[in-house]
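Heads up, the next two complexes both have chain A, just with different partners, chain B and then chain C.
What follows is the complex of A and B.
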C-alpha cells in the first residue's frame, strides 16, 4: 500500500516537472523572444494610431497620432488630432544602449528632453507608460527583462508559450510580467503587468492581427489598468512597412518644423 | 366611552399583560436606535440644492470634510512632519475617508529639463536646519498652498480629511478624533468643519438630555406627588410616559428611522406631555372616589367624563406635532413622526392601560381623604377673582400684547448655522474660529462651470472671478485650473500668466496629463466640459452667509453671465436652503396646526363657534411666543421652529378641558358664570397639575449648558405658562364677554 502510493506520487511529481520545466521544452524563453522580435520588428514602419482613452466612468477622450520607426533605435510620435494638439511630437533615440526622449509642444515652444523619471509616467495621458510605448515601438525587450518559459497554455483557443519575465532595468516600475505568445506565429496575444506589491496592475491584449506586407500586425491594442478601472485602446490604420524614411526625421530640429 | 369602559373591565388583566410584554419587546428595539447628524440628511433628497451638492461631490470628489489643524512652534521640524505623515496615512486608512490632503502629500509642479515634473512636495523629510530653511523658501513661493495647507509663519498646518459621501459623518468624525488623540502633544490639534460641528452639537444634546432626563422625571414626580398626594397618582402617569417613550423609540427603529439632533428631546417632551392624559384620568378617578363611588364605578365615571376630553386633547396634540410633517426639512418631519407616535401611545395607555390597572387596585382609605395644598387653593381663588373682577382691563392687556407681538415678529432672524449653538469659549467654537482666522474657513464653497476649459475666454473669466471673489468678506482660498496653469507656467517659463490660446491650453493640459492625471481631476472633468472653482468660507451667521453668497451670485453673473452656466454649491448653500425651509415650513405647519385644531375641536364640540373659542387662547400663545423671541432676540432655528407647533399641540389641551367641562356644567346649571367657576375649580386643577408637570419638566432643560436646548426648554415652558393662563383666564374672559355682548343664552349651544 505504502509502496504503491509512493509510486503514484513519484509519477505525479515527474509529470509536473515534465509539463512545467523549461529544460524539457524544446525552446527557451529567450529564444521565444527572439522569434517575437523577428515577427514584430521591421526596418521601418509607419502607422496611424487612434488612441481612445476611457476613464473609470466610461468617459472617452480620442487622440490620433502617427508613429514612424526605423530600426530598433529610432521612433517618432506626432499628433494629428485633435487640432489643438496637432504638431505635438515625441522623439525616441537609442544610442549606445542609452535611450533619450524629447518632447515638442508647438504652442509652448522649445524641444524638451524628457527626464528618465518620467518614463514610468503616463504616455500622453494614456494607460501606457513611456516604457510600454517604447516596448511597442520595438525597443529591445530582452535587454530590459530576464524571461523564462513557464510552459504552454491555451489562450483564446490558441496554444501559447507562457513567458514569465522579471525586469533587469532598475527603472522599470513593474515587479514582473507575463506574456502569452502564440506558438504558431510568435505573435504576443496578451501581457500582464504586476505592481511592486505583486498585484496585477495592467493587462495588454493584442487583437485583430493582420498580415501587412508580410508582417503580422495587431491592429487593436488594449491596455487596461485593472486597479484604476481605466483603459486605452489603440486602433492602427495605414500601417506600412519598409517605407523610405530619411534619418533627418528623427532629429529635434525636424520635429520643431 | 361606555364601550371603552366595558372593554377595559372585561379584559383588564389581559390588557396589563399585553402592554407589559409589548413594552419589553419595544424596549429591545428602542435600545438599538441610531442617532444621525448629517446636515445633508436634514433636507429632502429631491431638493435641487442637495442634488447639485451630490452631483458635484460625485464628479469632483466629496465636499464633506473635516479640517484638522496642527499648531506647533515649527511645523517643519522632523518630529512634526513625521507626525503629519503618519496621521495622513492613518486618516487615509480610516473607514469612511475618501481622501486626505496634507503637507506631506501635496503635489508640486516643478520645472526642469523634462518640461514639468509633478511629485509630492516633501519627498524627504528635512533633517538639518538648513534643509528646513530651504524647504521654507520653496513652500513660501507656492501661492496655492500658503494659507491653505500651512500659514506663512510655519506654525500651523492643515490636514483636510474628506469623507465618503454615503458614510455617517458622526461615525467618521469619531474615528478621526481617535486618531488625533493618539498624536496629541506637544503639538496642539484643532478640529473644524461642518461634520465636526454637527457631531458636537448632537453629542452635546445627547449628553445634556441624558443627564437632565432623570431630573425631569424627578421634577415631574415631585409635582405629581404635590398634586395627588398618593403613590398611584405618581406612578401611573410616570409609567405611562415611560411606556410611550419606549414604544415611540422602538417603533421608529422598526420603521428604519434614526434619531436626529432635535429628536433627542423626544423623551423629555413625551415625559412632559404624555403624563397629561394619565393625570386627567387619575384626577377624575380621585374625584369619583372622594364623592364616594366604588372603584369600578369611579373608573367608569373617569372614562365617561374626561375620556372624550382626553382623546380630544391627545388628538389635538398629535395634530400639533403632525403639522410639523408640513415642514420642508426631513429632520423636522422625522421628529413629527416620533412625537405623533409617542403621544398616540401615551393616549392609548392612559385610556386603556391606566383604567385596567386602577380596576385591579384596592381603594385605600387614604385616597378618600387626600388633602390639597393651600397654594393650589390660593391660585384658583386668585384666578377666579381676576377673571370676574378685571375682565375689561384683561381684554385690553391681551390686545396690547397681541399688537406688541405682531410688531416685533418681523425682527425675528433665522439661523441655520450650527456654530451659533455653541457658547463662546467652547472647544468647538474656539477651534472653528482659529481655523477661520488662520486658514480662511472650513466650509467648502464651490462654483461649478459648464464650459470647455480650452476656451481661453472661460479661463480668463475664471481668473477675474477668483480675484474678485476672494475680496469678499469670509471667502478665501480660491483654487481652480487657473492656479494649476499658473504654477505650470511658473515651472516652464518662470511667469504666472495663464495660457491665452486654445492650443496653449490644450498642450498645457496634455503636459499635465502626462505628469499626473489626478492633479487636474480635482478641478476638471474628463471631457474638459465642466470645471470648478473651490473656495472656503468662514463660519458666519446665516444672515451674513446669505449676503456673501448673494454677492458671489452677482460676480457669477458678471463674469460668466450668459456664455457659461455657473452655479454655486457647498455647505453654506445647504445651510441656507435649510434656513429658507425653516421659514416656509414654519408658516405651513403653523397654519395647518391651528386650522386642524379648529376643525377637530369644532367637530368634537359640534360647533364652529365652540371650536373657535377653544382655539383662540392657543393662537394667542403662539403670537406671544414669537413676540418673546423677537424681544429676546432668540433666532428661529430648527429647534425653536418646532415650539409653535408643540405649543399648539400641548397648549390647546387646557382650553379643551375647560371648555368641555364648561359645556357640561352649563347644561346642568344653565348659568354660564357659575358653570365657568365650577370648570375652573375642577378641571382647572387637573390642568394646573398637568401644566406644572410640563413647565417644571421643560424648565429643567434650562440647566443645560447647550444654548439651543436652553432656548428650546425655556420657550416651551414659557408657552405652557401662557397657554395655561390662556385657558384659565383668557378663555373664561372671552366666554363671559361673549355672553355679555350678545345677551343670548344659547350662544355656545350646538349650531
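What follows is the complex of A and C.
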C-alpha cells in the first residue's frame, strides 16, 4: 500500500516539475527561430526603403534603396538616391552554404567580387552591416544562430519569447544576440547585439507591423548603436510579396546593365 | 587677396546656380569646384565643372546614356575658355544572350585597386588632378556574349584613336632629355645648338581608318571558380603615351654628320608617335578566409619588340571599427626598350573610415621601393547635406625635385593642397 502511495506521489512531483519547468515550455528556441524565419520569409519580396542616418550630433542624411529577394539564397540591394550613390548595387547569392557577394559601383563601371570581411562593415554609412541588411532581404537566423529559449517576458505590452542566441557563422561579428519574439505571431520586436567583449553594441527594433499580402511586415526598423550614439531608421514602402522576379535579376549581368 | 576674391567668386557662382538644376529624373550630374595650390609650380589652380548625365530606357531591352563635362580651368592666374567634353554617349541593346554597347564608352577590366594595367582600351588623362579617375571614353562597339550567368566573352572594336593628354612639362622633359643626350654625343661647342636648332620634332598619330590600324580587345570571364572570379584579356592597338619612333642611333649619326658638314643648312627629324602594341592580361579576385585578395598580370609587347611586364598583387580587409584597408604591390618591368627605363616597384596602402557617421577620412600612401620616396595623400570628405560634399586634402611627396618623366609622382601633379565642393543632382 505504501508503495502505491509512493508511486503516485512520485508521479505528481515529476508532473509538477514538468509543468513548471522552463526547460519544457511547449516550444524550443530553435523552433521559435524556425517560426520567425517562416514569418519573415516569402518566395519573393520587393520593397523600397528610405534609410535615415542620424549621427551623435543629430545630423541626418537620407538614402533610398530597393531590396529584392528570392527565397533565402538570393538578394539584391540597389541604391536609388542620393545622386552620388545612385546605381550602386550589391548582389548576394548563397549556394551550398557558401555566400558570394558582388558590388557594382557606377563610378568604377565594373562588378567587383567582395570578400566576406565586408559583411561586418557598415552598409553604405548606416548602422547596419551588410550582413544585417542581407537578413532583411531574406531572413535565415536559424542557420546563422544557435538559440535557447530563456523564457517568456513582456515587451511593449506584448508577451514575447526571449531567445538567447550565439552565432554559428564565424563571419558574424557579434558575440551573442537576444531576440524578443511576439508570442502571438512570431514577429521579432527587438534584438540586442553584443560585441566581442560582451558589451551591448546595437539594439534593433521593429515597429509599425502591417499585414501585407498575408505577411506580417515591420514597416519601421531602427538600428541604434548604443556605443557610438548613432542610429539608422529604415522606413519601408511599396512592399510586395510573391511577385514574379526572374532569376536573371540576381546576376552580375543584370546589376551592371 | 586677389586669389581669395577669385575663390569666393567661384563659390558664390557655384551656390547661386544650385536651384537651376531642378531637372527631370532622366537628367542628373554634378557641379564641382576644385581649388588647389600646387607647391611644385607655386601657383593656384582650379576647375569649375558641370557634369551632365542623361539616361533613358526604352522598355527592358534598350537604353541610351550621355555624359558630358562643361568646365573651365584656372591656371597661370587666368581662366581658360569654357570647354565641353563628351565623356560617354552610347546606346545599349540587351538581347537574349548578348549585351551590345555602341558609342563612346569606358571599358573597365581588371581586378586590382584603381591601377589596372590589363585595362588597355581607354587612355588616362594625365593632366587630371588624379589621373586614376581621369579615364577617357573611346568610340567603340562592345559585345558581351553570356554562355551562362557566370561565364561571358567580351569583344571590342575601337573606331578611333584617342591618346593620353600629358602635361606639357612632361612632353618637354622627354624631348629635352633626348636633345641633351644628343648634345652630349656630338660634344661641345656645337652640341647644344645643333641638337636644339637642327633637330625637328615631328609628332604623328595613328590613322585608324586603315584596317591595319584598328584597335581590338577581348576579355573572357568566368565568375565563382572555387570562390574566385577569373579572366583573361587581349588588346591589339596603340600605346596611349607618345614615344620616340625614330631609330635614335641613326638620328644621332645624322646629327653628328650635320654638325660636321652643314651646321647651318640641314636639319633632321625626330619622330614621336604612338607605337602599335599588344597586351595579354590575367586577373583573379576572391578571398582567403575573410580577407579579399587579387592579382592582375599584363604582358605588353610593341612593334619594336619593347616589352612591359606588370604584376599587381593586393588584398583588402575591413576591421570591426569600419576601417577599410587595401595593401597593393605594383611591379613594372621594361625590357628591350630603345631608351632604358627603370623598373617600378611600388607599395600602395589605402585606408578609409567614416567618422561622425556621415563624414569620411581616407588616405593613400604610395611608396617607391627603387628610389625610396613616397607620396602621401590624406583627405577628409565632409557631408554638408544629402547632396553636397566638401573634400579637403593634401598631397605630400618625399622627393619633389625628381624629374623622371615616367615617375608616377610627376604624373600626379606633384605636391598640392586642395579643396573640392561637389553638389550631386
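Basically, the second predicted complex is superposed on the first by the 234 of 257 C-alpha atoms of A that agree within 3 Å, B and C clash if a C-alpha of one lies under 4 Å from a C-alpha of the other, contacts with A are read in each partner's own complex, and residues count from 1 in each chain.
Going forward, a residue touches a chain if its C-beta (ideal position, glycine included) is under 8 Å from a C-beta of that chain, and two chains touch if they have at least 3 such contacts.
Only a predicted model underlies this, so the values are computations on that prediction, with no experimental measurement involved.
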Taking chain A as the common reference for superposition, should the pair chain B and chain C be classed as clashing or as fitting?
clash
Tell me which partner A:61 touches in the superposition: chain B (first), chain C (second), both or neither.
both
Per the contact definition in the header, classify A:114: touching chain B only (first), chain C only (second), both, or neither.
both
Touching A:123 in the superposition: chain B (first), chain C (second), both, neither?
first
Have a look at where A:184 lands relative to chain B and chain C in the superposition and call it first, second, both or neither.
neither
Which partner reaches more residues of chain A, chain B or chain C?
C
Using the superposition on chain A described above, determine whether A:103 touches chain B (first), chain C (second), both, or neither.
first
When the two structures are overlaid on chain A, which partner does A:82 contact: first (chain B), second (chain C), both, or neither?
both
Contacts for A:173 in the overlay, against chain B (first) and chain C (second): which applies, first, second, both or neither?
second
Once the two complexes are overlaid on A, one stretch of chain B runs into chain C. Is it 364-372, 400-408 or 490-498?
490-498
Chain B and chain C footprints on chain A meet at residues 55, 57, 59, 61, 82, 84, 108, 112-115, 117-118, 121-122, 125
Over in the complex, which chain A residues touch chain B? Could you list them?
55, 57, 59, 61, 82, 84-85, 88, 103, 105-108, 112-115, 117-118, 121-125
Which part of chain A faces chain C closely enough to touch in the complex?
53-57, 59, 61-62, 82-84, 86, 98, 100, 102, 108-110, 112-118, 120-122, 125, 127, 171, 173, 195-196, 228, 230, 247-248, 251-253, 257
Show me the residue ranges of chain C that touch chain A in the complex, using the header's touch definition.
28-30, 92, 94, 99, 106, 108-111, 144, 146, 149-150, 152, 223-224, 227-229, 285-287, 289-293, 316-318, 320, 322, 324, 354, 356-358, 383, 385-387, 389, 422, 424-425
Within the complex, which stretch of chain B touches chain A?
112-115, 117, 454, 492, 499, 501-508, 510-511, 513-517, 525-527
